[in-house]
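Which chain is which? They are A, B, C and D, in the order written, and residues in each are numbered from 1.
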């Protein structure tokens, strides 16, 4: 699958239909291909600028960094590489901001950084931002673009982040704080099976791939795949997702939801 | 028993049988060899202790898979009296990969849940090798909610390579079912004790594994992913599954150091499978000891402590504070 | 419009068109016929009122089935602004026989549920003629629980012959899904208003029909079973479906007398389908009026009143008290 | 299907295997065929004597009778006929009693009376006995042998008994009072889709037929039926029923459950 983001000077070839699109036009169109409606993955910083009112975002815990607690082979190197290429410290940005004037807490996982997988930093930041939301009584929206689940290189510490972020999601529920998940590009495994699957409302962008077991895990079991398997549309039909929302309508749909549930 | 012997044990097993043979041989002599035999046996035991207290992570993995370890049903059948098994999620189906029910454990009425891999080929197929489907997680949740309503403690036995990875499980929302369990277990208003008895594999294990206390058998493993999967992902680094098993830090001791496992349950010298009754009784004692403490807590305190337990798991550098 | 005319209306329709023809004919005369026409039209209207206020139960049944009545989607689309439709039960599937979502009704944020039979053949098939599967009832419950959590009133539109009677629905626990909804709706901590807009059929209708107030369109029906089923069971008594429709007491008026329906919403003279906009606005006014009252109640009082409402339905002889 | 109960002088032919069984022996065996384990339907009074400690049963509302509120064709005649043949006033007996010394509230619907269908009397008695159980903090066991659902002859008053009995079942749940359903012989439609499907624990006797739509309703939709469709075993596999319990073990299983959840 396509991991491309806009980084070729001047123009961009759609990984779905192959057509060439002017960079500027693509950005104006929220990185959605104007020819085939392919929703290109969006980085965390880009998502913030697409969604929040300009100048309202205040980042939480911007310097939280992995300590490589397992001293895992190649982990440090790969982290550094991803930090350099994305400008992120880890695979998530969290913070507070406003959407059409409505204050909220937001978190965004980024596929470009270790496939958006969850280690201690991602788990801690998600939990902290949920706890802040409870303190300040603000709604929470989490965007997930996580093809990876619990991050292998932090072993069981990663797996336990599933329990930790699910526990803080449950705290949100108990506090009657609106919690919305938006799944974009890919959402699988340990991220999908914890905080990303626990929202009161779960939205997917068109074409998002959603599930527990990704391609790799499934390979052990050879089965005929049903048409459209694990796509957003498939998951709506299977009752798991509330709705599919086009990226250019995302802001207004979220504003409606925030307004309704406030 | 042959198929129960792993490579690393072969030399010591050979030594042991040689000593046995020797004993038989010398018994026909008039001379007394008992002193020499005793010395040999002492040496043998010292070697054994050294060997079995230092089993490599990879052999621990293999021990859970290749050896007839006691399974969830063994612990449940032996430790729970007046057992009534309950079936079904009231929504879609029953999942035999999970044994669930109610009964007496010591002086407690408890609800039990256990991932069961099965003993023979027929049972393994019936129980899908302990790989649960979404209906299994939902069955677990239904029965845990019953435990909460009637204020009965929950004991769960973890032993699975993971959640079932098939198309049908995806169609019925495997990820969503597991997520719900994690969320609900984190706030369930009754004590939960989880015992990792064999192979704790990823989110599939965790789906019944959120607890006030996590106990783990000495040789059991608990891992974010299979060592093989890890090696596959790191193939360019030429890391073999045994090396991955080391890197992943999946042993009881390592997980205890990380603060993930609360208590390690010592296995009999050669492993739980060589003395099943002892292993089961030790598990029983450990569960009872922890239950005695947990049931005395106010429910609100219990749930808050559970929250804080998970809240505090994770290691990172927070430059604002360091 | 032809297919929208039922037998019982044919004479009056004929009279009406004859008067229309007459009007056309006389318009070419110099003589003024307006007085005579006026008298005729007055008479026609008197006849109409008599006819339409006395539609037989069986014709009311047929009116819900054979005529293009306004459906749940008409009421929802017209009465709810800023509508967001929500899908799925988070367990197994989405059921298009039920439209569910959130939006603004007058000055209220509301959750809406509506059984939708569909408008044309394609939509009818997609929506399974408004016959819900278990996943539909579970979707309804999931979304009602959301309403409860965020304290939003629920408005439900009932229009179904019953729950889907197929093998798949049985396999996924149709009875259990409906039972859960009845239990949970009886204690849901937010106001619920149910509007019976067409055909209320047995437990399938009731599955989204437990409410603080049940409003019913004048010509809608609500029955424990289809009149045809009733006749089948009573075949030895030679009772035809029209007679069964009488015996079952399935009209709004009769159900109002039994204390089951709280309020009858008058339809436009010839029925809701002849003036859909008026019908919808009347439903809107009735819902608003009731909502205005319900939202002022303390939640505990609301839920207790709802319990008592159902508690008191039933007629019997208790010789101990009589 | 067989509706036979023991009423032929001296001996009884099993409707399942056809073998002849001595009346006395059949009764001693809880009306279960010793040859094929067929569980013959049990009347409400018989169930009480099989289950409760002798002399402990106190009946609630023994004279509650239908008023034929719809003045429904032939209803009065059929009620009189069933009253005469069964000795019951309506299709349910409720009351208080003891099982192995444990006090409880019990209700039993009887298939012989209008197929165990629910009209105002049955609904009222179920709700009253649940309310009594809440007042006295006693567990509730309801046995259902109801092939009929909401009783047609009382029209919508019957249908609303589904809501009424479900509401009182929910009150039991909220009061944390143990509620057990035992399904025997047949449990369908309006009874199954209300109080009989709402227990904390749902037990079925072997061979019980369980579902929403009975044979009559299904006839409109022609479908191949899966093997064992709507049997107790089928419903356990479909996750709807907690367990199947043989009639001769019923008392001891119920005693265990009452003991556990007390």
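Following the convention adopted for this analysis, a residue touches a chain if its C-beta (ideal position, glycine included) is under 8 Å from a C-beta of that chain, and two chains touch if they have at least 3 such contacts.
Being a predicted model, the structure only gives us computed values, none of them experimental.
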Pair joined by more contacting C-beta pairs (A-B or B-D): A-B
Whole-Å gap separating chain A and chain B, where each centre is the average of the chain's CA atoms: 33
For chain A paired with chain D, centre-to-centre distance based on mean C-alpha positions, whole Å: 52
Separation of chain B from chain C, taking each centre as the mean of its C-alpha atoms, in whole Å: 56
Chain centre separation in whole Å, for chain D relative to chain B (CA means): 43
Chain C residues counted as touching two or more neighbouring chains: 90-92, 172-173, 176
Multi-partner residues of chain D (at least 2 other chains): 173, 238-240
Inter-chain touch pairs (all): A-B, A-C, B-C, B-D, C-D
Interface residues, chain D side, partner chain B - complex: 173, 176, 178, 200-201, 236-243, 253, 256-257, 259-261
Chain A partner contacts - residues on chain C that touch it in the complex: 82, 84-94, 102-103, 109, 135, 139, 146, 149-150, 152
Parts of chain D lying in touch with chain C, wherever the complex brings them together: 61, 63-67, 69-70, 72-74, 120-121, 123-124, 127, 149-152, 154-164, 166-171, 173-174, 188-190, 192-198, 210-213, 216-218, 220-221, 223-226, 229-230, 238-240
In the complex, chain B residues that touch chain A: 163, 165-167, 169-176, 178-180, 182-187, 202-203, 206-207, 209-210, 222-225, 229-230, 232-234, 237, 239, 247-250, 255, 258, 260, 306-307, 310-311, 313-320
Residues on chain C engaged by chain B in the complex (per definition of touch): 90-92, 134, 138, 172-173, 176
